[in-house]
Amino acid sequence: MKLKPTIVRRIPRADAAVIARLGELGVASVHEAQGRTGLMRPYMRPIYPAAKAAGSALTISCHPGDNLMIHAAIEVCQPGDVLVVTTTSESTDGMFGDLLAVSARAHGVTALVIDAGIRDVTDLAAMDFPVWSKAISAQGTVKATPGSVNVTVICAGAIVRPGDVIVADMDGVVVVPRGDAAEVARLGAERVAKEEGTRERLRRGELGLDFYGLRARLTELGVQYIDEES
Amino acid sequence: MKLKPTIVRRIPRADAAVIARLGELGVASVHEAQGRTGLMRPYMRPIYPAAKAAGSALTISCHPGDNLMIHAAIEVCQPGDVLVVTTTSESTDGMFGDLLAVSARAHGVTALVIDAGIRDVTDLAAMDFPVWSKAISAQGTVKATPGSVNVTVICAGAIVRPGDVIVADMDGVVVVPRGDAAEVARLGAERVAKEEGTRERLRRGELGLDFYGLRARLTELGVQYIDEES
Amino acid sequence: MKLKPTIVRRIPRADAAVIARLGELGVASVHEAQGRTGLMRPYMRPIYPAAKAAGSALTISCHPGDNLMIHAAIEVCQPGDVLVVTTTSESTDGMFGDLLAVSARAHGVTALVIDAGIRDVTDLAAMDFPVWSKAISAQGTVKATPGSVNVTVICAGAIVRPGDVIVADMDGVVVVPRGDAAEVARLGAERVAKEEGTRERLRRGELGLDFYGLRARLTELGVQYIDEES
Amino acid sequence: MKLKPTIVRRIPRADAAVIARLGELGVASVHEAQGRTGLMRPYMRPIYPAAKAAGSALTISCHPGDNLMIHAAIEVCQPGDVLVVTTTSESTDGMFGDLLAVSARAHGVTALVIDAGIRDVTDLAAMDFPVWSKAISAQGTVKATPGSVNVTVICAGAIVRPGDVIVADMDGVVVVPRGDAAEVARLGAERVAKEEGTRERLRRGELGLDFYGLRARLTELGVQYIDEES
Amino acid sequence: MKLKPTIVRRIPRADAAVIARLGELGVASVHEAQGRTGLMRPYMRPIYPAAKAAGSALTISCHPGDNLMIHAAIEVCQPGDVLVVTTTSESTDGMFGDLLAVSARAHGVTALVIDAGIRDVTDLAAMDFPVWSKAISAQGTVKATPGSVNVTVICAGAIVRPGDVIVADMDGVVVVPRGDAAEVARLGAERVAKEEGTRERLRRGELGLDFYGLRARLTELGVQYIDEES
Amino acid sequence: MKLKPTIVRRIPRADAAVIARLGELGVASVHEAQGRTGLMRPYMRPIYPAAKAAGSALTISCHPGDNLMIHAAIEVCQPGDVLVVTTTSESTDGMFGDLLAVSARAHGVTALVIDAGIRDVTDLAAMDFPVWSKAISAQGTVKATPGSVNVTVICAGAIVRPGDVIVADMDGVVVVPRGDAAEVARLGAERVAKEEGTRERLRRGELGLDFYGLRARLTELGVQYIDEES
């Protein structure tokens, strides 16, 4: 039982090339490739269209309304990290703004995923610093209460371990366990390749009913066809 | 009592010219023209700005987390149809993505209205395939449970009968009963014409109080004017 | 006890130059400068990106689903006013649309803040009439029930007195008490100037931990550092 | 297209004995017996434990915050009716309290189902007048805006036609189309009888896996058994 | 502008007999008697049935997840006070439990109204210490961040000034401005007396349509009667 | 990466005496004793007052609207187990009712914690079978889609590993990692013993300000006392 708030300095990270490949696959394909696990709740939305990110999770657990631990986290980050911030109870406070973004970027952080609020969105968009958050709120925070950095957290309903791969785009945010990253990238690439063929056949008018062999299932499930409503 | 899941092959549709005219009127005008009925709940939002659609409702009732019946529906659609998807209990799962959009478009479907989630929004926006949904979620679905196609459904709080006219834009989604479509289009056009005159008078500074004759009502309701707060 | 619905004709307003300066500072800076008070709830969102406004609050209290008092309010507004509309219980109805926007603009109103719904958002965006609202809904309203204009209201969780300064941008909406406006503008300008220096130091890689002197606090709070998770 | 607000004086009703039998079956059994249709959303909760009701729906469509049409409805009700109240947009106002309950009861109304708020709950509980509502709120309403009585409405996500049978208990509220009532009562009784046998076998320890024949399905779906997590 | 957190030691209070009479009237009657103002949002619910309270508001503004100021407030309370707790942003944390209830009662506090969470509800119910809250949550809080006691606050959407009268029962919570208390009690008593007569007439079957003279209004509003749906 | 749905037959469990002691401590004390971790979200509510449970978690991950895996789980449970059910996306469907409760009890299950809906609440209360759920809904489910039993799940925002200890009462639900159970029970007992002394001192009127030594903190934080609002 770990009762003391803790900052872990060194974490393992996945291979950069693998992370890049996962980012290219995108959230929906990665989520499928790993057996439909690891997806954060759909309330996590990008603050501007076309936001896209992939990186290693640097996890941060904060008291609601208190961003002290985000400052502590920046010291232990590495280029390519994505900050993953959660609070011990629900909050929409604006825990992160343009000053923290400037600081985070100076240390190589490429994106933020936060199950709380952020502010200065105009500045963040101008910097092209991608953020996925639950809320936008100017409500300021204090720096008064301890928390932890680089421990296992739950963020928007998904377990995130330090060093897991975070993939985020317009469809949301998905977490890939570090040890599975290479295999998920491989399965995802297979899936995307296969989908290209499917897409082409569907484009030509082939029905999903035939392509996926669903006609028998409809019959087995007792679905009846009638010509028109009487 | 219809206990068996059912797919109805043929449905009546409104006149294409009438549908086009309703689309030009837009949601707010159509909603007013038909006595402020038929509006879906405001949580139904377009996935990209400037989305606009009008077409005949092809209705689909699915089990939550299961898109089997959307595949079945595409076989019975016709060019100009709008898919209207609802689930038997609330869900935000991503029941529709780019493959289904490619397939739907290949069969002439022009838009999707879904009281659940969708995914691949970047692809859908690139295709310019308009969607109004409750959520964006990469969460995948199964194809395991029966449902119905072209039966009366409730979607986001509105009754939709197969062949009703769906009009959707930035203001939301409204349903026009098929039999009323021509009359609503006529009333809507009258309304829009009349509003043009109103707009011009208001632009010149005439007050709504005078234009709508509301001064007497304020008095009758006991509203008092005072010059300034003491 | 004021039991009668009331329209107050004349309200005090803050100095136009002060209002303009508050608008330049933006919501987050103004909120900080006045001790983190006066912020509306984060569900208040602009209807289009890059919306920005600052003006004197002309307050309106309506019955839900009834916009009678907005019409009454336009008669008593002055150029530079921001309409602040609240309802006596929660509502998402579309109480304001393009006709009211045309009328409001003809009388000098520069923006709308409404704890309810609006409609005709395509038109409003085309007019570049900025709106912050809780919802977008085509649902029409009636003109049947009395309310008040220029009385103290609560809008989205914030107290607004007639003539208070409203500042709104992508971060939300903040209310500055009229009497504090000049002092808040001064404090905000100081804050922004100081932040510029902070930003530069953070950009060069100085840590918030050092800049804000937080290392001692972490120790005092019992936060422990470990090199890596065992 | 019916644009005028309308009060329908006479509606067909189901047989009283059938209604009573449906009430004894309860919500869950009736919902199952009619193919899992007609259930209102789960936010509809009874205002006191052990509330239970069954009767003919007398439907009422109101403007939010306005209970004028409830007064109009009481004149056309008959003993055994259940008032089913909906609003044209979402509201939690307290549209019904002890005075209306006294009046409704004097005319034979046995219960209220309302997709909005109610008040005076202590009095209603003391009268043993059962209510299912979305909210409890003291917020008063006006009597200013027209609506309709005994037209088809959507209440909490379910279609209700005048004279349909309403069954409500601790599990929620279900609507039985009037024409199906006798058949649903028959199917429900069969179901309950059959469940008694099932219950007995399960009580003795027989597994649902065996009773429902689910072992083969698990295998077919690829579910694997392992003895313990490695 | 008051930027420093402040504890006000002495506040004015309403007359005890007036407070008692307001408590007897109950929330719905008091809300009506003061022109339908001062009601908190309906999410404020009592933690056990039959809870009832009336007293002078001792207001407390806390940081979310921090109950330091509740401890500070108990020192300045007087017998008959009701603690009214709000947080600077939304929170459901359990800021108050049985220890604070024991302490508060020892100093004469009779109830708690809190726009956040509480815990130890079994103990609180056993003590018969009435609480109206937004949530029940065991989530503990810290004592790290300053706030204010006996300043004007917004609690659950209502303005509360120190010394205002709080009335709470099963219907919710209403705030009566201290200066209006006697007049509201008088108007409320008149209202209740008058309602007794109304109740009796409605019990005998007189219709609200006649009693309130609503028939003419229905006609004026264009409501049509038809005998039965064709 | 485990892509196949899996049922784990044997799981480790905590000592029965330790579990019983945790149950006596209750949710709030256990949550504190383990450093304020492991609490489920406050929307998890007991279906009847005075519900109380403690046991070993038997975890179940289901497709939304599908209770197949609950049936599979009952075969591998042991007396004293608490079923912990989650769904792969949010659902309120009634996945558990009186038949499943009879079956679960026949196999020794003592309670249910479910991040979804349940039904037959009157029967469950009559059986005194305690349940903590997100919703009550009669909506029936299918048995069509695979899932897992006794894998790590996230339930209402908390990580639950098979065999962890679940403690639930009126304050909510808390999860104690199996390996920490004895230590948490010991720390919790110490805490409760200490609180008894605190309670007595507070009952006699000692202030929390003095007892917890908070006066210095208020001063340090800049909180000012003033005698009365000017």
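The first chain written gets the first letter, and so on, giving A, B, C, D, E and F; residue counts start at 1 in each chain.
Everything that follows uses one rule, which is that a contact is a pair of C-beta atoms (placed from the backbone, for glycine too) under 8 Å apart; a residue touches a chain by one contact, two chains touch by 3 or more.
Owing to the predicted nature of the structure, the values given are computational and were not obtained by experimental measurement.
Chains that count as touching both chain B and chain E, per the definition above, are A, C, D, F. Chain geometry summary: the mean Cα position of chain D and that of chain F are 31 Å apart. Chain A and chain D, compared by their mean Cα positions, are separated by 40 Å. Multi-chain contact residues, meaning those touching two or more other chains, occur in chain E at positions 36, 88, 90, 92, 137, 139, 144-145. The set of touching chain pairs reads A-B, A-C, A-E, A-F, B-C, B-D, B-F, C-D, C-E, D-E, D-F, E-F, using the touch definition from the header. Those residues of chain C that touch chain E in the shared complex are 1-3, 34-36, 41, 88, 90, 152, 154, 157-159, 177, 179-180, 183-184.
Interface residues of chain F facing chain B in the complex, by the touch rule stated above, are 63-66, 88-93, 137, 139, 142, 144-145.
Those residues of chain D that touch chain E in the shared complex are 4-11, 48, 68, 70-72, 74-75, 92, 94, 97-100, 102-103, 106-107, 117, 119-122, 135-140, 143-148, 150-151, 162. Listing the residues of chain F that touch chain E in their complex gives 26-28, 31-32, 36, 39, 42, 45, 49-50, 169-172, 174, 195, 198-199, 202-205, 207-209, 212, 214, 217-218, 221-229.
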